[in-house]
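In order of appearance the chains are A, B, C and D, and numbering begins at 1 in each one.
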Amino acid sequence: MAIKVTVWNEFYHEQTNEKVKAIYPEGIHGCIAEFLGKEDDLVVRTATLEMPEHGLTQEVLDDTDVLVWWGHCRHGDVADEIVERVKTRVLEGMGFIGLHSTHKSKIFGALMGTHCSLRWREIAEKERIWVVERSHPITQGLPGYFELPHEEMYGERFEIPAPDELLMIGWFAGGEVFRSGITYQRGYGRIFYFQPGHETFPIYYDENVRTVIRNAVRWAAPLNKYEPVVAGLHAPEPLEKL
Amino acid sequence: MAIKVTVWNEFYHEQTNEKVKAIYPEGIHGCIAEFLGKEDDLVVRTATLEMPEHGLTQEVLDDTDVLVWWGHCRHGDVADEIVERVKTRVLEGMGFIGLHSTHKSKIFGALMGTHCSLRWREIAEKERIWVVERSHPITQGLPGYFELPHEEMYGERFEIPAPDELLMIGWFAGGEVFRSGITYQRGYGRIFYFQPGHETFPIYYDENVRTVIRNAVRWAAPLNKYEPVVAGLHAPEPLEKL
Amino acid sequence: MAIKVTVWNEFYHEQTNEKVKAIYPEGIHGCIAEFLGKEDDLVVRTATLEMPEHGLTQEVLDDTDVLVWWGHCRHGDVADEIVERVKTRVLEGMGFIGLHSTHKSKIFGALMGTHCSLRWREIAEKERIWVVERSHPITQGLPGYFELPHEEMYGERFEIPAPDELLMIGWFAGGEVFRSGITYQRGYGRIFYFQPGHETFPIYYDENVRTVIRNAVRWAAPLNKYEPVVAGLHAPEPLEKL
Amino acid sequence: MAIKVTVWNEFYHEQTNEKVKAIYPEGIHGCIAEFLGKEDDLVVRTATLEMPEHGLTQEVLDDTDVLVWWGHCRHGDVADEIVERVKTRVLEGMGFIGLHSTHKSKIFGALMGTHCSLRWREIAEKERIWVVERSHPITQGLPGYFELPHEEMYGERFEIPAPDELLMIGWFAGGEVFRSGITYQRGYGRIFYFQPGHETFPIYYDENVRTVIRNAVRWAAPLNKYEPVVAGLHAPEPLEKL
């Protein structure tokens, strides 16, 4: 059965910055949905900030196996009610792939519990991503490292909880390092944060970046049927005779 | 230099339930502050829900190294603004010790990112706590296991992120198990959650329970001086010549 | 492509103890190979201690994707050379499923680096296994808990490295708890240790136990093609111009 | 009570390479013992490969709280019996600080269970070590990053188990990254591996490197009294009435 993916994007820069629009004429969401949509086992839809309920109605979310998120400068415009809805779905098993500046989104912060701040610089320096965990579903098919000629530097200290798994570390020509590919589990949901993706560079056309995102979507798809224990389970009868 | 501890308690049951008042005439906070206060290296104050700002003014929190928290049925009455203030202090390095029903407090949920639900039963069954990590500051001086003749059962599945460290596992006579002593790091803050403490039993008089809480307070005291990176650190100049 | 499984068994008790022979007339390996062999995506062979090279020739190991191991009282009779061969294959990506008393095998000890000792008792008490991680490939299809009416008690403190993932915790009627289902990664290899399986009880006929082992075999199958770095990779030329 | 430290060194290069001898006239062990010895709470001794039993008699090891180890090209000359003795002491609670090329020592490999291979290059390039975990005993007093003008490059993929804690990541001018400061627990013993320390550079005179090693020695000192469970604990009587 196909994995149902929703690609959510702020879709602000692409409409206000000519340079970004030239790189992503269909929006970052359009670009990502296009390559994911080529896969036989994925069914992809998109949603953006300006849509009613940001395109994330309860129906859409209930019908989403994995949510991919790109946001940058309008995190504050995402309604708290929608954030809560998304968080609940993640805890119920919906996968969440956070890309680049999503580290400062309300939803990522809510799932992490920390500020998720980092060190940054925009001078188009080179990044080299090293794969430190080579036997993981998300890193299948990747070389030992791959390069992005121009990226925004994201550097440590990245204020996040210790990741459940550290898959990739980034090296930046300007001198910094970063935990560029990390996973977490929250409730039934599997979360992958992937650092590359500054909007003024054609990052989401890179073949290695695409491989990571394809792998991550498959890895994050829900497993066991969710049994909600939101309110706590009162089990008044002991299982043993006392 | 002494570690400054603030013991926060809902202080509701002790004022409304005769049975609880008889066990904790000074309140759970009074009981805990009393044994912690005997230590030469600890300076202890208390705060309760009904105080202005729940006793957690910015001054009190800025002057607190470790916050111990007991709450149960009035989690919703803790003002969101105070929760945010406490969370910020934890990320800045203030230790947080969450006791028993604190698992459902707003602050613990905000730091964890999950529902923190669990299975439960109140029939006064026996609990036996096994120490699985015997070489940890928090478990110093503990025997291989210790028993609480009567406790409220807390059982798996405990909906929490995978703990950074699992120190203790509880066995309940009614048939359940529970991850009873767990640690997390969030930002600069060190967090310890400890399951025992149902208000109708004299749990906080137990010598092993007291040992755990003393050890936990010392373990959670802040280390490095906090350098706030709340807004993200823009480092426009590369460290290398490019 | 099918996953190639080798089920290795000491095959001692079944040949010397009538009670065990009656439960496992084909040996524990025969029982496990039989139910695994029913799966379309698995190809299963067996090997036992008494075979030349314990049935684990270089050819067999090179042709094995996942090795399942049951050993108990003849761990010392496994040749060090074979242990080294198996360890090397695990680091190259061969999955390893250690069952029950395998905790004290040379190979498990070599992969763990600790004594792997535990507390134990053989009085046929009941065990209840709780699933603490319900969104994991290995726990798919399991109920919240399942019971084994009679098992050998394995209790904490289990002297192992902190598991990468804790999937199941066992409750024993006699009063102990145990980390009954745990995973590790070593090199490219994925390791799952599963506590149930005392030879005098029909544990490997239990449907939940069988579900776990089937899931574990699929989970442990190799992913990325292994690039050996055994001797260390000398990279004399920098990737950057210096 | 003072922490008893033994600094063990291969002491080969210092005696055969004039360049190294000039940097470390007292040997690397002499240099490290000298700065550790200045601390009021540490009592330091040294031992080298060529001593009888490599200076690691049972008496010395029983009287050692923390063992610091530097080895490089003569790992094979460390007697297996001594390695076993050291491993047993670590499992009993003796701390172990592995420096630089110790990653390929028999003892580190035995505690890890993997090859511990890595990528390397000796062209005296610059390293910058970033502190990713700033609220840890080992990183107390360190700046956000520190530089070593010349070091041997150690790069990912470092074939180790996922560290219990990742404290530091190294950036190399030649383009690589490395998990430069990592901790593990094995049995009662606390282990810290620290990557800097190529013998042809005055690394162990660096103030930040010295801060790390001092902190690590204190962090690794034993806690709870060890109760040996090497052979497994048979507990024939259940704790509960059955």
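By definition in this document, a contact is a pair of C-beta atoms (placed from the backbone, for glycine too) under 8 Å apart; a residue touches a chain by one contact, two chains touch by 3 or more.
Predicted model, so just to flag it, every value in this text is computed and none were measured.
Peer 1: Between B-D and C-D, which chain pair is linked by more C-beta pairs in contact?
Peer 2: Answer to which pair has more contacts is C-D.
Peer 1: Relative to chain A, which chain has the most distant C-alpha mean position?
Peer 2: D
Peer 1: Need the CA-centroid distance for the pair chain C / chain D, whole Å please.
Peer 2: 31
Peer 1: At least two other chains touched by the same residue of chain D: list those residues.
Peer 2: If we look for residues of chain D contacting two or more partner chains, we find 128, 133-134, 144, 155, 157, 162, 173, 175-176, 185, 187, 239-240.
Peer 1: Along chain B, where are the residues that touch chain C in the complex?
Peer 2: Touch list, chain B to chain C: 128, 130-134, 144, 155-158, 162, 165-166, 169-172, 175-177, 179.
Peer 1: Going by the contact rule set out above, which residues of chain D touch chain C in the complex?
Peer 2: Answer in residue numbers: 87, 91, 104, 110-115, 117-121, 123, 125, 153, 155, 157, 159, 161-162, 164, 173-176, 184-187, 229-240, 242.
Peer 1: Given the complex with chain D, which residues does chain B contribute to the contact?
Peer 2: Its residues touching chain D are 93, 128, 133-137, 139-142, 144, 173, 185, 187-190, 222-224, 227, 239-240.
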